[in-house]
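Following this line, the structures themselves.
One chain, chain A, appears in both complexes that follow, with chain B as partner in the first and chain C in the second.
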Partner chain A sequence: MLKLIAKRLVSLPFVVISITFITFIVGYMAPGDPILAMLGGRTDPAAYERLKHSYGLDQPWQDQYLDYLSGLLRGDLGLSFRFQGRPVADIIASGISVSTALGIAALAGSLVIGIPVGLWAGVHPNSKRDRVSMILMLMLYSIPSFVLIGLLRWINYQFYLRGLPSLPVAGWGRPEHWIMPVIVLASASMGYIARLTRVSMLEVQKQDYIRTAHAKGLYNRRVLWTHALRNAALPILTVIGPSIAFVVTGAFVVENLFSIPGIGFLSVQAIQQRDYPVIQSTTVILALSVLVMNLITDMLYMAVDPRVRVEG
Partner chain B sequence: MKTKHTLHLTLLSVLLLLLSMALTPVGAQEATLRWSLEGINDLVSLDPAKASDSQGFTAIGLLYGGLVRLDGDLRVIPDVAESWTTSEDGLSYTFTLREGAAFSDGSPITAADVVWSLTHALDPNTGGWTGPFYLSNIAGASAVADGSASDLSGAVAVDERTVQLTINQPSAYFLSQLTFGSAKIISKAQAEADPTGWELAPLTSGAYQVQEWNRGQNIVLAPNTYYWQAPSVSIALSFNPDSETAYQLYRTGELDIVGSQQNGIPPAHVAEASALPDFQSTSLFAVRYVGFNNTIPPFNDVNVRRAFALAVDKATLANDVLQGTVVASDRILPLGIPASELPVEGLSYDPEAARAALAEAGVTPESIGPVTLTYGVEGDNERIVTVLQSFWQENLGITVTLEPLELTTFSARLNETFENPEAGLQAYYSIWGADYPDPQNFISQQLRTGVGNNNGHYSNAEFDALVDQADVLVGDVENRLGLYNQAEQIAVSEVGWLPLYNPRLNILVNPNVQGIVFNGQGLIIPDFSALAIGS
Partner chain C sequence: MHDFDKQPGDATKFRLEVGGAAPPKPFNFWRRLRSNPLALVSLTLFAGIVALAVLGPVIYGVSATRPDYASINAFPSADHLLGTDNLGRDTLARLLQGMRVSLIVAVYVEALNIFLGALLGLLAGFYGGLLDVLVTRLADMLFAFPGLLLAILVAAVFGPSVTERFGGIGRLLLVAGSLSLVSWPLMARLVRSRVLVLREQEYVTASRSLGANRPWIMVQHLLPNVFGMVLVASTLDIASVVINEAVLSLLGLGIQPPDPSIGKMITEAMPFLEANGWQVFFPSAALMAIVLTVSFLGDGLRDVADPSAST
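So, the complex of A and B:
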């Protein structure tokens, strides 16, 4: 197990360096000029040259990349192009905390609702409640977030028109700003988790040890909670990691449509503004978070399943 | 068990709703104007010299005062300066600051602050571009801008309350230029004490001061009680990159102003919104046009340009394709800019004449070959260029290839066209919006030979002579506007640009808001102390 983790940890820096290189090169070769974006498309050759120089963009690309990389190693992410003189680390730090909080809330929501619904359906397969809840979950899983957002906004607007309490449809800073984005963000992974839990429960219930437990004369509930659930939890655990990644990527759409200043929102804005230092940093951080999540999932998996531990 | 769960869910949702109600302060909107800035996720800077977009200048205009500013009729009026005199030769302006003029902490605004602010805006170390662009007429400005001087020779603090500005050439629009963001007044003492940090919490010279800046969300502005026209209403400027989101927020009562930036409310909602008393619409001081590369065939021939202009049915474009959301135009100056009241004979739609012009140029559709029209991907652009393409195909038989480019790439290509015209674009669909309401901004600064915005390199000696004369003419307004009118007529007849239409800006303003004027320049608060939100 330690060997596996060590292997992963050793490969991590290389993966990260490759990612920085790819984002840098793609950004460097992409059409569009950050200085022109800054100048609002006006032609003032003197100002153009001056700004280009002050951001080091007149240097050859290798130098620019090495500068960036050495800064990264020192924990210096550089200065934003768009927000002149503002450290990228500053911009991103606030974005990360917002996205993380939102992601955790969404994941918690999807687990708290998704697992019980899955269990509830899985215990009584092919019953009416199984079918209805699973169709509902499938819908939640497959409906694109921008459609769901439109739907929620429409419902909310109908509330508003009738003078009923309504939620802010976008923005950040007040507690009620959380409700809609969390619902949207949680719904997709909720549907996935519920369906997975159900399948997993069905699978486990067919196992011999469950039959044995029943044969021992244990109560149904006891069999479910102590024998079935623990084993059924295994596949769920493995998808939590990827679904965190899913929550992060899903956040791109949700954060942008709700104007939430998270990292997905910052990335999209930075891309539009050709704010390379911010683009590079957000990409690296997102990639890093997915890598770390996968690592944590593997470790969790090993902790729960002794077989993996032995093989590892 | 089933009912129990349903009960739990119901309880939970009721709880959530109650929570959201409890957390929404009922009286929160009592005296705060909630103004949405679309298209950005944050302000670039609160340093007036560094602001670069209309959203930034909206904030700057609320926070900082200048020597002068614009009123609701777009006339230049006194601001921090209470009066000024102009020398006989029109080269020297002497401003007297208001007695008791003070920054938001109560410290006095002095002539030294004014001189320092102008110098700061030009200083290459500041990193802004608007100063060198708008203040270039002040004597010594270029020396400061290129780093060869650190003092602005044309700006002198005569005493505490007197500033003297000397300019290179007489100019009727110099005062207009001083209303722009780059000439706003910053506290020299604060900026020198904390050169990098001051702009996060600046002492301000205008109607407002920063109360709270939530990065990536909004900036809350509180009245600056030291301002000569102190407001009583606070303003919260919220950042909404997406116009649709802003519109949705407005619909549910979360905003008081939406759409006031470049793009207005989303076109899809204009029909439903136009029925509301909140709806306001104006023709912008901007013009959409097709520019031609005058240095390479086929558009180096004036007759070919004329043929292209005569082949475009602007009325159909404006009224049918864009459903009246724009105003068709045959001229360069948008309606409302001085000199736009003088008539210009435009090249209106005439397919016969278009083909005749092509024949006169001695070319055929075959000899011209396919022509490329380049445009930036944004809003309705694609629909419009497709219609243009069909006009030229139908009326001239010329095949036009459309080249869509992402916006920043498009401006980079325009820039290349300016720098290296032979390798540049053939024709481009573009827009120009007023920086200040003066014909010089549209005529001389766009089409005079060699000026930085003349990407298509249109050149006409008579035109140049007329605008050179008009640019420096002070006092004789009628004569000056007449000269611009003659120049405009030349540029229209020779198709320096092919003007298409003036965009309309559709916005929503809460009808309870009083004291804001909406015109082609955007939203203006003529008297900050009269700004109010009724009920």
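So, the complex of A and C:
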């Protein structure tokens, strides 16, 4: 058990270095001279050198990378190109909290709905309700978020035409602003979680101890609640990792189409302003947070189910 | 360890003798395809989509970028079969052009996946050693990024200067290249793991003992056996490439205006959804049609290419 965790922790630095190094190299190779762009028409060599030094761009690339790494450890993400001298961390701090809140809400929503639907479908495999709910979940899983947004907005408008209150389609701050983005963000992972929960439920029902429980004369309901559910719930933990990846990628589309000032919205703004340090930082933050969440879910799973042997 | 490089060539002679009197019926791809309705129907549909994208803009002949100020945000009518967008540009013309862009990007990405992913996976799995370590580590590094993040980063950083220097075609290639960063490692991993199994099979050992050299084994024995898997994987991957291209364009990272792209059409029409829902509906429907057709085609091809792996 401890050995397995140690194994995971050994491979962790490699992944962290991959993420930071690739992100750094892409920014390093970015065409154009950001300092020249910042100074505009003025070409005062002294000012140029001073600015270049303050951004650390006068150093060789390996020093720049080490600086970047040690900065990351201290929570210092470097300086923005667009807003001269302003730290990137300042710019994206508010976005991180917005995106985190949105992501947690979406993940919670997809678990709260996805798991019961999967269990409900898996209790009676190949019944009508199993088929209908699984087709619905497959649709939720496979429909691209921007198509779903169009559909939801259209339904919302139809409600409005019939005199029902209309949900806001852009902005952030009031509780009703959450509803549509959370639905869109949760849908893909909800479909995924529901389908995997169903499979897990089917697997469990094949086990010997379920047959034994039935043979003992227990009521179906009792077998289901005390024997099957508990064991079916275990593998569901593992799907949380991939679900977070869905939510992270989905955040870019959802935040931009609903004008939510989260990290995805800020990075697209930074893209339009060619503010590469901001884009680098958001990429690193998102990739690392997915990595950490994956690690936590894996460890949770190992802690809960001693049979698990994660290879690699 | 094995010195089978020293005697190249003569395997053909032996093969003829070993082959015997009654060789099994050769694997006939088209015959198998014809007897699979799912694959056949989706292949026909896919051919139709490709024909629309290739010939459509030529036959329809309406400019995809010229605005018609007399009708802005118009509903479908005789003048504009699918209506016009908020700048008065013909939606059908833009949609046909956008489908063309989606498919071109998909072709580029799959070509990269096959030449980079499948080839590296094949070589890494077969030769092993340092090459294997390098390929798997590189794939692992790229795998560390969840979803589209790396593609977004690369397209964002290199996009503007590529467009300035090489124009629309360069941008198209950059989009394809950055999308392939997300998918070729997966292809390499798939092919490598299959090759690791295949190279230990008896027929490979037999071929070796008959004096076949390594390139011969790779081309004659391994390539035909991974071909089906590569074909299926790249067909299924087209669906996600089409969606991902739409996402990049939607974020302003893909095809640049005024050139149409399905993703861009959806975002541009979204603010006017309440006034004219058709402009969101048509590109969304076209995108879903492509994605579903390609997914069914991939499933069908899997049944055709590898009936034992059907799930």
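The definition used in the following text is that the second predicted complex is superposed on the first by the 238 of 312 C-alpha atoms of A that agree within 3 Å, B and C clash if a C-alpha of one lies under 4 Å from a C-alpha of the other, contacts with A are read in each partner's own complex, and residues count from 1 in each chain.
Heads up, the rule we're going with is that contacts are C-beta pairs under 8 Å (C-beta built on N, C-alpha and C of every residue); 3 or more make two chains touch, one makes a residue touch a chain.
Being a predicted model, the structure only gives us computed values, none of them experimental.
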Scan A:Val26 for contacts with chain B and chain C and give back first, second, both or neither. second
Quick check on the superposed pair: does A:Glu176 touch chain B, chain C, both, or neither? Answer first, second, both or neither. first
Check the residue A:Arg274 against both partner chains and state whether it touches chain B (first), chain C (second), both, or neither. both
Would you check which partner chain A:Pro168 touches, where first means chain B only, second means chain C only, and both and neither mean what they say? first
Quick one: is A:Arg50 in contact with chain B, with chain C, with both, or with neither? Answer first, second, both or neither. first
Between chain B (first) and chain C (second), which, if any, makes contact with A:Leu291: first, second, both or neither? second
Is A:Val15 touching the first partner chain B, the second partner chain C, both, or neither of them? second
In the superposed arrangement, which partner chain does A:Tyr157 touch: chain B (first), chain C (second), both, or neither? both
Considering only touches as defined above, state whether A:Arg82 meets chain B (first), chain C (second), both or neither. first
Which residues would you name on chain A as touching chain B in one complex and chain C in the other? 31-32, 153, 157, 256-257, 268, 274
Of all residues in chain A, those that touch chain B in their complex: 31-34, 36-47, 50-51, 54, 82-85, 91, 94-95, 120, 129, 153, 156-157, 160, 165-176, 179, 256-259, 261, 265-266, 268-269, 274
Along chain B, where are the residues that touch chain A in the complex? 2, 5, 16-17, 19-21, 23-24, 41-42, 44-45, 50, 52-53, 124, 127, 129, 132-133, 145-146, 196, 214-218, 238-242, 244-246, 248-249, 251-254, 405-409, 411-412, 414-415, 418-419, 452-453, 455
State the interface residues of chain C toward chain A in the complex, per the touch definition above. 140-142, 144-150, 152-154, 156-161, 243, 246-247, 250-253, 263, 266-267, 270, 273-274, 277, 280-281, 284, 287-288, 291, 295
Chain A residues touching chain C - in the complex, by the definition given at the top: 14-15, 18-19, 21-23, 26-27, 29-32, 142-144, 146-147, 149-151, 153-154, 157, 244-246, 248-249, 252-253, 256-257, 267-268, 271-272, 274, 276, 279-280, 283, 286-287, 290-291
